[in-house]
Amino acid sequence: MAPVALLARVFDPPLRGLQKLGGTNAMAAFFLAPNMLIFGVFVLFPLAVNIAYSMTGGNALFLTNREFVGLDQYERLFDCGNYLDRQTCREDLFWTAVWNTSVFVVLQVSLMVGVALVTALVLNRDLKARSFWRAVFFFPVLLSPVVVGLIWRWILQRQGLLNFGLYELGFEPVNWLVERNWAFAAAVGVSVWAHVGFYALILLAGLQAIPKELYEAAEMDGTRPGRVFWRITLPLLMPNLLVVLVLTLIRAVQIFDEVYVLTGGGPGTSTLFLTQYIYEVGFASHLRNPGLASAASILMGLVLIVLTLFQLGIVRRNDRRGGK
Amino acid sequence: MSRVSSFLLRRRGDTRWDWTDVFTWFWLIGGFILMFGPAAWLVNSSFKTPAALAEFPPTLLPYVTELVQVDGYDNALPLYEVTDENGDARVLAEVRRIGIVSQMVDPANPGEIIKVNIQDRTPRRTVSFATENYVEPLVANDFLRYLWNSVFVTVMATIITLLTNSMAAFALSKYQFRGRSTVMMLIVATLMVPLSVIIVPLYSVISAMGLFNSLWGVILPTVATPTGVFMLRQYMLTIPDELIDAARMDKASEWQIYWRIVLPLTAPALAVLAIFSVVWRWNDFLWPLIVLSRRELYTLQVGLNTYAGELNVQWHFILAMTVVTMIPVVLVFIFLQRFITTGIAGAGLK
Amino acid sequence: GDVRVMWYSDGVEGEVIQDLLNRFMEQNPDINVILDNVAYQVIQEQLPIELEAGRGPDIARVTNIKTLADHWLDLTPYLADPEYWRTNLGAQFDWMRPDGSEIIPGFMTQLTLTGGFANKTLFEQAGVEIPGPEATWDEWVEAAGKVQDSQQLNAAFAIDRSGHRISAPNVSYGANYIGPDRLPAPVDEGTKTFARKLVEWTESGRMNKDVWVSAAGTTYRAAADDFINAQIAYYYSGSWQVANLSTKIGDAFDWVATGSPCGTVACSGLPGGAALVGIKYTKNPEEVGKVMDYLASEDVVREFTERTLFLPAHKGVIAGEIDFQSDDPNVKAALTAFVKATGQVHENANALPAWKWGTPVYGALVTRISQAMAGELSIDDAFTRIDEDIKAQVAEASK
Amino acid sequence: MSRITLTGVSRSFGQVQVLHDIDLDIRDGELVVFVGPSGCGKSTLLRLIAGLDRPTKGIIAINDEDVTRVAAADRGLAMVFQSYALYPHMSVRQNLAFGLENARMPRAEIDQRIAEAARMLEIAPYLDRRPGQLSGGQRQRVAIGRAIVRNPTAFLLDEPLSNLDAELRISTRAELAALHERLSATMIYVTHDQTEAMTLADRIVVLRAGRIEQVGTPLELYNRPANLFVAGFIGAPRMNFLPAKIGWTKDGRTRLDLEGAGSLEVEAVAASAGDEITLGLRPHQLRLVDGGEGMTAEVSLVEALGSETVVHTRTTGGQSLLAVLSGQHDVAAGETARFSLDSADLHLFDKDGVRIQPAAN
Amino acid sequence: MSRITLTGVSRSFGQVQVLHDIDLDIRDGELVVFVGPSGCGKSTLLRLIAGLDRPTKGIIAINDEDVTRVAAADRGLAMVFQSYALYPHMSVRQNLAFGLENARMPRAEIDQRIAEAARMLEIAPYLDRRPGQLSGGQRQRVAIGRAIVRNPTAFLLDEPLSNLDAELRISTRAELAALHERLSATMIYVTHDQTEAMTLADRIVVLRAGRIEQVGTPLELYNRPANLFVAGFIGAPRMNFLPAKIGWTKDGRTRLDLEGAGSLEVEAVAASAGDEITLGLRPHQLRLVDGGEGMTAEVSLVEALGSETVVHTRTTGGQSLLAVLSGQHDVAAGETARFSLDSADLHLFDKDGVRIQPAAN
C-alpha cells in the first residue's frame, strides 16, 4: 500500500489546484480522460476508419492507397441469384458463414446457459471445498483459445485420445472432426467447455443473492422442488441470466480462435464462422481484400448491436416490472 | 431441511441420499474429469518426444524404447520383447530391421544374430520424460527473454487497465455530468467489436504512432477495455455516496477520494478485473503477432508460434512451452480466486 | 550496423543459420546480424503489411516470393561478384523478381519438389509390389488400395491439403494455369481430370478424407502423421518431409521416396521453395550485400544443405558431393530420389514459381475442391466457383 | 386452531447445543410470544415447530399428534418471516395464491379466499402490485395474508415487525392484535421487543441461552418476575437493581439495608437476616417527593419528553437509578432528588437471582 | 464554536423546489434539531449547510461570514452521517486521522488529538480495529470522534442513531447529550425520531414540505404547538384530535361543543361562537375516572405494558381517542370508560389548523 499512498500524495497538490480551478466536475473530465483518450485512439478511431475501408477496393492495405468504390463491397456481399439459396450468392462463403454462425449461436448459447445454470446450481449447494470445485469449472477460462483448440483437436482427431478410449472400450471410433454434425457439435461443445466456468460464476453469484427465506417460505407453502425451481429460482435469477445471455450471445457471434484451431472451419465449410471468413478474406488469403472484410465486419457489428440492444431492452423492461 | 432446499437451495439436507445428491456428485466428478482431463493430457504430452507425440494409439505416459549397450555395436540398441515359435518370451536387442524381418541379438550373448518377424516383437519401453522439450527452448531459444516480455506486457497492461478503467468508472459512477450516458452507451456498444474487425486500421494507427515493434504497441490498444469500465462502474455504484461526502468533509481532494477511498473499496472488483486482464494479456496472440517482429520483443505466445513453420509444426516444443505459459496465470488465479465470487456478485454484471 | 533477418523454420534450419551467422559475425565484427525467428504466419500475414508501409527487416526468408517481388532489393551493386550469383543461383531469379526485371533479389535457401513416399514395409507385409517409376496415379492408388485392404488401413493414400501439392498431378494430367496474357486461364481439362479423380478417391475411401475435408478455406493441413503411424501406404507431399519422417518414424518401418506418379502428359512434381531476399527499405544495403554474399557462398550453402537435409538450389553445390548428415539410410535414398525427380518436372510446373498468380489459384483450388469432397458442391460447380473466385481476385488486384 | 406441545425438545448444531430440553404447551387459540436476548434460540425453536428444521431430541406434537418427522408443508402451519419473504417477482395476488396453487386448490376457491383475506387486511387495492411497490406496513399485511389464506392450524411469526419504523410498528402491532382476536387462531410470535410482547401476548415465554426462564401472562412477568433475568428483561426502561442486605425480619416486616442509601421496611419475606439480596425498582414506580421518607439520589441528566420526564440519577452508594416520571417536572441535573416508592412495588431477589417470596405466615 | 445563519435559502432539483425560503439563526453552542416527515427536506438543508450541495437561492453564513460558495472542506464543519460513513478499509485510528492528514497536520498533533478524542469517547481500546469489527454504538462513537478531532466550527448530524436498535439508541442518545454538554459546540441534528428530538434539542425546527413550521424549545413545541401539524408531529403517541364548535364565550370562559361527546368549558379563547375548531388532547393527559364529569368512550383495545396501559377507545361521535394511563388498570375492551382532563391541557386549533390563543383580556 505504500506506493499507493505515495501516488495519492505526490499527485495531490497539482490536482487539488486543478480542482480549485475547474470545480468538482472538471475532475470528472480528468478521471475520464486517460481511458477515453486511449479508447478513442485505439478503438473508436479505427472503428471509424473501418467504415471507410468498407467503401474502398483493391489489395492495398493503407487507406490512402485504396480506391473508393462506394457500396460495391456491400453489393458484392448481397449479390445473390436467389436469396433463399446461398449457393447462388456471389459470396457464397459469406452466407455459409452467416448461416453457420446463426445455428452456432442458437445451439451454443442455449447449451452454455443450460450447462452454466446446472453448474451454478450444483456449486450453490452446501459443498465441502466449494472453492476447489468452483476453480475446477473456472479453470479452462484461464487457457488461451489457441491452447483450447489445440488440446481438443488432439483429443478429437481420428487418431486422438477419445477414439483411443472408445477403441479400448470396444466401440467403433468416430471421426469427430470429419463428420459434419459431430464437428459442429465439437465446436459448440469446446467453446462451452472453455467459457462455461465464467458464466457459471455469474449465475452462482446470482443464486447466492436469493434470500434463503424465500425457499423456506416456499417450503412452508408446500411447493414441490420442480415448482420452486421454475417459479422462484429461475425468475429471481433472471437478471443474471439475462447478463449471461447477452455476453454469451456477443461472444458466440464473435467465435473464432478456438474453433479455427479445432476444425479450421471444416469439415467442408460446416464450421466456417463469420469471424473466420472476415479474417481469411482480410488477412489470410494470398490476395487479401480488406474492403470486403470490413464490409462484412460492419454488417456483423450492426447485427450484434441490434441483438444486444434488443436484449438490453428486455432487461430494462424486466427491471421496471420487477420492483426491487 | 427437505429435498426442496437440498438441490435448488444450497444445502444438502438429511443424511439421506436422494437423486439430487447423486446428480451433484455425478456433475462434480464428471466436471473434474472433463475440465482437468484435457489439461492434464496436455501437460503429460509435453513430456513426450516428437516420435511419441505422433504415435497412434497414444500412450498414457511418455514412454521411450529402452536402449542397451551391446558389445560389438557402437550405438546403443533398442530392446524388444520377442515371442519365439515355442511361445517363449525373450528380451532381445534389435540390430537392424530389413523389411518385415528384424535382426536381433541377445544382449547377454551378442554373438549370434536371431531373425524375428516384426509382428512378433514389441518394443520394451520405460517411462521417460523428455525434459529437453523444456530445456531447449528455455535455454537456447530465448524463452526467458520472451517470458520477461510477457511479464512486462501483462503487468503494465494490467496496471494501466486497472488505473484508467477505474478512473473512468469512478467518473461514470460518482459524478453527474452531461454526456455521461452517452459515454456509457459508447462503451457498452464497443463491447461488441471483436479485435479482428479493426485490426487493419488499428495497425495503421500503431504504425503512425511509431509503436510498431514496441511492447507499448501491444499494451496500449488493449487497456481501455470496455468490459473493465463496465464492471468496475457497476461495482462502484454500490459504494455509498455518503462515504465520498464524508471524505469531502474530511478535506480530501477528489484525487485522494479516488485513491484512498474508492480504489481500496473496489478491491474485489479490481481483483476480478486483474485476473481477467492477466489472462487476456498473457494469452493475447494475434495482436502481438502483428505488432512484434523482432525476437527480443517477443511475448511467450508469439515465441511459441515460431515453432509453427510453413510445412511443419514442432509440437513437442509448443506443448512444453504452452505448459510454461500456463503456470503464471494459474498462479495468479490461485492467488486472487477468493475475490472472484464477491467481485462478480458486487459488479453484479447487471 | 545491424542487419535484421526475418526467418521462419520448419525444423532445425533456424539453429543452423544462426550458427552460420555467428561465424559471419566473428569474421565481420562491424556487422551485427540479428536473426528474428518468427512464425510462418508472420511471414505470410504481417510482413506484407510492413512492406507496404515501406518498412521491414533487412533480409527475409519468404515463400510468397513473386507476389511481393516489388519490395525486394536489387543486390547487384552490393555483391562482390554478381556473376557468381547469376551462374550458380540464377535459375530461380525469375521466381523472385517482377516480370521482365533483371535484378538479383536473393537466392533460394531451399528448393522443394513435391513427390511421394511409400511405406515399404507395409507394401511388403501386404505382398504388394511397389509401383515403378512410370506408374500412373491410378496405378499407385490401386496398389496402395490393395495394401489398404490387406492391412486394413484407414486409407490407401493422402495428399497434403494444399493447392500447391495438387498442382503437380494437375500438370501431369495436362493442366496449364497460365493464360496467354500471363493472367490465370480458366480451369482446364488437366485440372478437371485429376480433381475429379481426387474427389472420387476421397468418396471411395482410398484417399484419407480427414486431411482435406476437416478444414475450410485455404487452411494448410499435412497428412504426415498418418504416414508416420503407418495408417496410409502412400503419401504425396514433398522433399521437405524427409527430415521430419526420419526423426519421427525412426526405424518403425522402411519408407522410400518415389518421385511423382505420372499423369497423361508427364510425371511431374512441382518445384518451389523458400527464398532469402534483401528488402528494398533497408538502411544498410552494403551490409545486406555482405551477409547475402556470405550466405550464398558455396561452402555455406553446402553446409546448410547437409545439416538441414534440404535440396540446394546452388549449381555448384549440386554438382559437387553432398554429405547429408543423417544416420538414417532412408534419408539419403530419398534425397537422391528427389534430386533425380527434378529432371522430370514438366515445363508448366516449372513456370509456376515464377508466376505472380500462383498462390491465388492454389487457394481457390483447395477451397473449392475440398468443398466438393465434403459433398457441399458438385465438382462442376466447384470448377465454376474456382474460375469466379480467381476472376474476382484478379479484378480486385487491378484496382 | 390447534394445540402445540413440545416435549423435551433439544437442538444442537454440531457441538453446540442451542436448545435444552424445552417443554412447552401452547393452547388452542393462544397467542404465545417468545422473547429473549439475541441468540437465545427463539428462531431455532420456531423453525423446529415450523418443520423447517428437525430437533435433535424430543417430540413436537400438534393436537396430540406427533409431527416431529412431518415435513413443514404437511404440518398445516403458516409462517410469517422477519423480512416477510414475499416473492418479489410475483404480484400480491400471486404471492397469496402460490401456496394454494401448490395444494392444487380450484381457481374459484383460491380467488374467493384471496378476496376474503384482502378485505380483512385491507390490501385489496394492491393486489396487482409487486411487493417492491408496497410500503413496509402493506408488505407486512401481505405476508400475513399469505398465511391467512392457507387456513393454517397455527401462525408462526418470526420478528415480523422488526423491519418497520417505530410509527408503523405501533399501528401494525394493534392490527395484529385485532387480527388474533378476530381469527382466534393459535399464534406463536417471536420478538425481542418487549412492548410488542407485552401488548400482544396471552402468555410470554422468556428464553435464555436455550432454556425457558419463565412462562406467564405479560403482567405476571411484569409484576412477579421469577428471577433477575426476567425482571431485567421485561419492562422498559429496565428495572433498577440495587444491592441490599436483610436487616431483620419481625412482626411480619422485614428491614432492608441499602448500601449507602438508607434502609427500607417491607412486608416480611422468606429470607434471613444478613442475606445479601438484590432489590429491584421499576423506574416508573419511583415518584418524586419534596421531603420526608424516600431515597435520595443526585440527578445526572434529565430528559423531558413532554408526557414523561426521564431522570437519570446516581445514589450516594454510586448505583445508577433511573426514574420515569409522568408529566413534566422541574428537576435539573446536579440537583438532589428524593424518591418515594410503594413497598408493594419492590422486587427482591436472592443471591442466585431467584425471586424471594413473601414469608409464609 | 459558531453561529450559523440561513437567509432565504431555497433549493430546487430540476423542476421540484425542495426547500422554500428558509430563514434560520442557529446560535453559538446551541443544539438544534431538525424534525419533520420523511422527504420534507431535512437532509437537503443539512447538506446545504455542510457545503455538500449549493442552494439555488439564499445565503448561508457562518459567524456572519458568507460561505454560500465555499467548499465543504473549507467551512470548518464536521458531519456525522446516518450510516456513519466510516471508511470500512481503514482502522479506527486511520479513520480519525484521515481528515487531519488531508489538512497536512503534523503527525504528532494528529496522534495527540486522536488520543484525546479516544479518551473522551472511550474508544481507545478499538483504535486498531476496523469499523466492521465494532458494534453499532462503538461505530457511532467513532463517527463522532472523526468529527471531534477536526475541532470543527459546528457538528452536523444526519440521523446518526437511526441505524441502532432501540436499546443502544437510548444509551447513545444520552452520551450525545453529555458530549454536547461537555464540548458546548454548535450542533445541528437531523432526526425523525421525536424522543431524540425532545431529549437532545435546545431548540427544535419542525419542517414540512420544505418550509419551517415552528422553531422552539422541546417543551414549547410540546406545550404550545403552533399548529395542528406540529401538535400532531410532536409527542408520542400522537395527540388526539376531536372536532368541536365554539358554543359561547363569556366571563372569561369559553364553551366547546364536542360532536356527540358532550361539552367542555375552558378559559376564554380568541374565537367567536359557532367557529369550528379542532380540540387536541394528549393521550397522556387523559385520566380514568369512575364517574362525574368527563368524556365517555368505548374501549376497543387495551394494551397493558406494565408501567403504562394504552387504552384505545372510540367516542360516541365515532372519533378514536387514545389514552395512555400510568401504571396498570383494570379496563377491558368493550367497557365504557370515562376520562377526566384538565382544561389547561387542552389545545385548540382553528379551521386553518393554527393554534388559538387565549383571549386577550
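Read from first to last, the chains carry the letters A, B, C, D and E; within each, the first residue is number 1.
Following the convention adopted for this analysis, a contact is a pair of C-beta atoms (placed from the backbone, for glycine too) under 8 Å apart; a residue touches a chain by one contact, two chains touch by 3 or more.
Just so we're clear, the structure is a prediction, and the values are computed from it rather than from any experiment.
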item: Touch-network distance, subunit D to subunit E, counted in steps; value: 1
item: Labels of chains that are neighbours to subunit A and to subunit E; value: B, D
item: Nearest-to-centre chain - CA centroid comparison; value: A
item: Greatest separation from subunit D - chain, by CA centre; value: C
item: Pair joined by the larger number of C-beta contacts - B-C, A-D; value: B-C
item: Between subunit E and subunit C, distance of the C-alpha-averaged centres to the nearest whole Å; value: 92
item: Mean-CA-position distance for subunit C and subunit A (Å); value: 38
item: Inter-centroid spacing, subunit E versus subunit B (mean Cα positions, whole Å); value: 63
item: Interface hub residues of subunit E, defined as touching at least two other chains; value: none
item: Junction residues of subunit C, two or more chains touched; value: 45, 49, 53, 225, 229, 231
item: Contacts with 2+ other chains: residues of subunit A; value: 61-62, 159, 216, 218-219, 223-224, 232, 283
item: For the subunit A and subunit B complex, residues of the former touching the latter; value: 4-5, 7-8, 11-12, 15-16, 19, 24-25, 27-32, 34-36, 38-39, 41-47, 49-50, 53, 61-63, 118-119, 121-122, 124-127, 131, 133-147, 150-152, 154-155, 159-161, 164, 167, 193, 197, 201-202, 204-209, 212, 215-216, 218-219, 223-225, 228-229, 232-233, 239-240, 243, 247, 250, 254, 256-257, 275, 278-279, 282-283, 290, 293-294, 297-298, 300-301, 304-305, 308, 312, 315
item: In the complex, subunit D residues that touch subunit E; value: 166, 170, 174, 177-178, 193, 195, 198-199, 218-219, 222-223, 234-237, 282-285, 301, 303-308, 310, 312, 324, 326-328
item: Touching residues on subunit E, where the partner in the complex is subunit B; value: 47, 50, 52, 71-74, 77-79, 81-83, 85-89, 98-99, 102-103, 146, 150
item: Touching residues (chain side subunit A, partner subunit C) in the complex; value: 57-62, 65-67, 69, 87, 90, 92-93, 157-159, 175, 177-178, 180, 183, 263-272, 276, 280, 283-287, 289, 292
item: Touching residues on subunit A, where the partner in the complex is subunit D; value: 211, 213-214, 216-224, 227, 231-232, 235-236, 238, 321-324
